[in-house]
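Each of the next two complexes has chain A plus one other chain: chain B in the first, chain C in the second.
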Partner chain A sequence: MGNQKLYKGSLQTIILKLLESNDKMYGYEITQKVKELTKGELKITEGALYPALHKLEADGLLDVEVAKVGNRLRKYYKLTESGTKETANKLDEMQEFLRTMQQLVNPKLSLE
Partner chain B sequence: MEKRYEITEKQLVFLEDFLLRKYPGISNETKIELIDHLVSDFEATTENGNLSQYLSNELEFIARFVFKGVSLMKKTYRKETWEQFFKFFTEPKLLLISISTLLFFYFLNETVTDKIVYLVTIILSTLIFGYSVFKGMIKNKELKNLDEVKFLGNEIWLPFTLVQLLGITNLCYSIMKYCWLYTLVALFIIIYGLSALMVILKHKKIILEKYKHLLN
Partner chain C sequence: MELTKEQTQRVEHYLNVKQIDYIDIRLEIFDHIISDIEEKMELEKLDFDTSFYAITDKWNKHLKDTSSFYFGVMYSAPKIILEKAKKYYKKWFFLSLLSYSIPLILIDKLNIILSTKIENILNIVFYSIILICLLSFAYLFVNKDTKKVKTTYSFVLKTQSLGILIGFLILFGLRFLSEKGVLNSFNVGFLSMYILNLFCYFYFYKKHKETIKKYKIS
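Right after this comes the complex of A and B.
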């Protein structure tokens, strides 16, 4: 749980990656999926998630679809064409970042 | 998604009334997303099905959620219009339109009277404005109260107002003494108008697709 600050800068990448693997998702589903995948290690707060989703939508990386689910309406998010490209870029950046961090925190391991 | 409880129809109506009472100006899109989130969370976490108790713990989140929506919408349309505007000077096909407009106003300014030049500017900008209103307006009763529909036409007012202001203040005739200056002003009016029109048409399509369930 103490790692929340480390994850903060990766929120957009996490959202994009999840949408890449799940076609379309709604806000609450994203928070729960992250909790499930990280076994509770990472909890995305709604206060951080929705501004990030709205920003990605405003930047044209996400499309929105509203559908009726049971007795209420639900707003689904899915990747646009440029969102798919941006996901690949962000994941590359993330891999590069992880490699660099690995070299810094565990130089021996990264040489092997 | 695991549920501990299923919200009742009565509680759902209560939640919607609560939001409308507390935030009368809340947009439809914000309301849809907020209600869905609150209900999903309530159904997954409640111990006793007490919605009022749940809402009292979420007041701060609800307030933040509501106020961020509107300003983002306006900013998005403005940002996209400016991006489209700059594309008129960077993309070859659109650049042709910009150059043609520039040359048209320059030679018009050189050959006819100031009154005619202003008249042509006003006619062209009115045509773009009129076409935007006619083609871009969403008239469906179910959609016209959405924030994204209300603010959709905001940017088209800028060039239209500018051209009227130039006429009312007679500023246009002072500017026309400098041929290139008026040409640049007219170019801005026409190209910004066209950019706003393109953004309106693009978003009209997106909005109609997004809310097709309300139209069926």
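Right after this comes the complex of A and C.
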């Protein structure tokens, strides 16, 4: 898990992508989904998750919905209209970044 | 494994001690901690106390009382609240600086000299604006209802109220035009900044009210 720092800059894109695929999610669910998808390779801490969610909410990319689940209230995050557009932009940026990194670290593979 | 009523009360108590009484944040931290404890107890076959201490230990550093340059050292809140408040307030802080410096630069550059008639009208306009601002602020201050329910936005309102009130007292004593009919750029800039700060106050007032409505607590 020494490469957690490498993921840090991509946290917002990861959250946006998850919300694009799952309609609405709550904080704990996001941490668990990431852990499951990366087979435990990436663990999002509370200290990283909530500031990122609050930033996306403040930027108008996420909206909040409150629902009663069992005997407690749960706060769900979902994409706004501009959040959906931004997700597409961020994913394009990410693809471009991955291609560039591939060219840098493994030029032979990137030519194939 | 669902927690018992007594166990969830322990979590509630923990959040009370940490002063997480801002509804928009409390709800999600409460839900997160409960979900985390439940899973830990189930997967690692641990008892409630061990799980509770392990989970809350992770949260302690995010709930530590702290202050920020943006709100002033006299106002503190748990770190997670303060960080969220900063994300919303930062743009207003920089807009406020702009709203002061733009009129200041423009008036100094243009060096407009006004006739006595326009001077009188402008004086009336400036003091009417101050009066309208004061009445609007009084309305927002009385109706903000932050004692009953706290939100991240009510924290921002709390940090701004005193400044706005003192500012009005200063504004009423300011002269916006000199005897020669020249606009005082510093004082007009100050008024402009005040109007913007009032808009900022209204923005957070609206966010606070919307949050209360959204969380169905009003």
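Rule of thumb we're sticking to: the second predicted complex is superposed on the first by the 112 of 112 C-alpha atoms of A that agree within 3 Å, B and C clash if a C-alpha of one lies under 4 Å from a C-alpha of the other, contacts with A are read in each partner's own complex, and residues count from 1 in each chain.
We take it that a contact is a pair of C-beta atoms (placed from the backbone, for glycine too) under 8 Å apart; a residue touches a chain by one contact, two chains touch by 3 or more.
All of these numbers come straight from a predicted model, not from anything done at the bench.
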| task | Have a look at chain B and chain C on chain A after the superposition and call it: clash or fit. | result | clash
| message | Looking only at contacts as defined up top, I'd like to know whether chain B or chain C touches more of chain A. | response | B
| said: Quick check for you: in the superposed arrangement, does A:27 touch first (chain B), second (chain C), both or neither? | reply: both
| query | Of the two partner chains, chain B (first) and chain C (second), which one does A:67 touch, if any: first, second, both, or neither? | reply | first
| task | Check whether A:51 is in contact with chain B, with chain C, with both or with neither, and answer first, second, both or neither. | result | both
| Do chain B and chain C touch any of the same residues on chain A, and if so, which? | 26-28, 46-47, 50-51, 54-55, 58, 64, 66, 71-75
| said: Under the definition above, what is the set of chain A residues touching chain C in their complex? | reply: 26-28, 45-47, 50-51, 54-55, 58, 64, 66, 70-75
| message | Can you tell me which positions in chain B touch chain A when the two form their complex? | response | 1, 9, 12, 29, 32-33, 35-37, 39-41, 44, 61, 64-65, 68-69, 72, 75-76, 79, 206, 209-211, 213-214
| remark: Listed in rising order, the residues of chain C that touch chain A in the complex are 2, 8, 24, 27-28, 30-32, 34-36, 58-59, 61-62, 80, 83-84, 87-88, 214-216
| chain B partner contacts - residues on chain A that touch it in the complex | 26-29, 32, 46-47, 50-51, 54-55, 58, 63-69, 71-75
